[in-house]
Amino acid sequence: MPFDPQDPEFEARVRASFARQRMMQTIGAVLERVAPGEVDIRVPFRDEISQHHGFVHAGAITTAVDTACGYAALSLMPPGTGVLSIEFKVSLLSPGKGDAILARGRVVKPGRNVSFCQGEVFAVDGGAEKLVATMSATMMTVRGRPDVVD
Amino acid sequence: MPFDPQDPEFEARVRASFARQRMMQTIGAVLERVAPGEVDIRVPFRDEISQHHGFVHAGAITTAVDTACGYAALSLMPPGTGVLSIEFKVSLLSPGKGDAILARGRVVKPGRNVSFCQGEVFAVDGGAEKLVATMSATMMTVRGRPDVVD
Amino acid sequence: MPFDPQDPEFEARVRASFARQRMMQTIGAVLERVAPGEVDIRVPFRDEISQHHGFVHAGAITTAVDTACGYAALSLMPPGTGVLSIEFKVSLLSPGKGDAILARGRVVKPGRNVSFCQGEVFAVDGGAEKLVATMSATMMTVRGRPDVVD
Amino acid sequence: MPFDPQDPEFEARVRASFARQRMMQTIGAVLERVAPGEVDIRVPFRDEISQHHGFVHAGAITTAVDTACGYAALSLMPPGTGVLSIEFKVSLLSPGKGDAILARGRVVKPGRNVSFCQGEVFAVDGGAEKLVATMSATMMTVRGRPDVVD
């Protein structure tokens, strides 16, 4: 089902917030698609994000898909609000290897205070995509103070 | 209850593996304590790991505590084996701010194939420590092939 | 993608195991569809499974969808093996109310020792179905001893 | 750290709500200790809550510890409010067998809208207690409408 954004400037808001996340630059993440309730983030493979066997670190996978889920939720929130992750679970189906990982965050149920999201992470290798991780996440709408989970 | 390591060289094995993780260098993580079933990792605050409000990114927090839990599990595994994260859940109680974050990984129940771990992440600010995140994780013992979750 | 079961008697095996679960009778659960990697369980609404506001208790929802995911995994395991839940996460999107709940368990990635599953729970009210909960679960193949998660 | 309840009648409120949960009677659960941020629930072993190997069903374990965590959170909420589970994760360390299971729910961080809890479940066999499951849960304060997670 398609979602109806409350903020017509949702894409600009998401892109501006993404640009302020230094961690995204640190792992080399690129914000691709921004649609109502849907955000895709790509992270090209680089040695800087690898773990001890040379695959993409679970932490880098999580960083990308948490951010995709958070911005998917933010895209449906009212103007003037922010987003914080309350919690997430990540299942690591297969090691991340190839040219890049692609993290897709989707809102399952938006809410006034609490939004439920799911994410999928694919390893992209040449033209092939393989599902390597899934996320189930809860996001909070932040009004006023950005520093309080309450 | 204290755990009895199967590999007398467990600390050297954990430290050597940590040193091969480029992602740890990328976020500036330092491996501190390594004991049987217990590993602590410190990440000094740096702009490079911040999110859009200037706090430590949930992805950096997760990267540190996943690694601490994984190595806590590895410290109890037999020589010649490796470790992969099967899944983890992270609860983000409060934003991470201060001088550094300290991630503590602990084994709750070791197993032949599957080990259960819990992690706690503290924000360190001056002399004060504040709990900012918790992790519940499942780790797998890897024999032979490092690239298969099976 | 369709899965290829290793045990041609998978459906009989799942149905026989379900019949031994007294907890299923206690909550009034009915095993409906059994296909390779897919199991559906229906629980008609009854006061006996309600919580303090009169909705279906989150514990009953979890009981149904954990069992659906576990048997979805078992349907792809070799003859002579059993299944245990290692862990699961449940997100409770909306209260469960209506005529019945329908829990659908699906295998996302089967494995020799560890299988990843996802579940969805719908509240059925007249002809309408509403998604009320999601599950992300990890299941273990049990060989020999049914009483050890290892 | 001890918590300071906002409602001096917290124990009566928790016990009255527990008494309205038919699911608690169905699994034979007994509400034991109620303290600020801490609730213990005991479930004597009975065939009616068993799974296919004769152990306590993961669903019954979850029902007990979810309820313990929910009421631990409710004990710290203001008068006139209610509680709903947003999500929980359960790790099943060992099969539940013995005379009874004992579920202990604890608040890790209370909040105005969102409270974080952890639970532990022990199998009690004679005088011995063995940790068989852990829970990490998020609870929501409900004001006014008990039927909306929002």
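A, B, C and D are the chain letters, set down in written order, and residue numbers restart from 1 in every chain.
By definition in this document, a residue touches a chain if its C-beta (ideal position, glycine included) is under 8 Å from a C-beta of that chain, and two chains touch if they have at least 3 such contacts.
This one's a predicted model, so the numbers in the text were calculated from it and none came from an experiment.
By the document's definition of touch, common neighbours of chain C and chain D comprise A, B. Chain centres computed from CA atoms place D at the largest separation from chain A.
Centroid to centroid, with C-alpha atoms defining each point, chain A and chain B lie 22 Å apart.
Here the spacing of chain B and chain D, counted between their Cα centres, is 28 Å. Separating the centre of chain B from that of chain C, both taken as means of CA atoms, is a distance of 32 Å.
Within chain D, the positions touching two or more other chains are listed as 86-87, 89, 91, 93-94, 136, 138, 149.
Taken chain by chain, the contacts link every pair, so each chain touches all the others. Listed in rising order, the residues of chain D touching chain C in the complex are 17-18, 20-23, 25-27, 47-53, 55, 57-60, 62-64, 66-67, 82, 84-95, 97, 146-149.
Looking at the complex, you find that chain C touches chain A at residues 89, 91, 93-94, 108-109, 116, 118, 131, 134, 136, 138. Remark: chain D residues 86-87, 89, 111-114, 136, 138, 140, 149-150 touch chain A in the complex.
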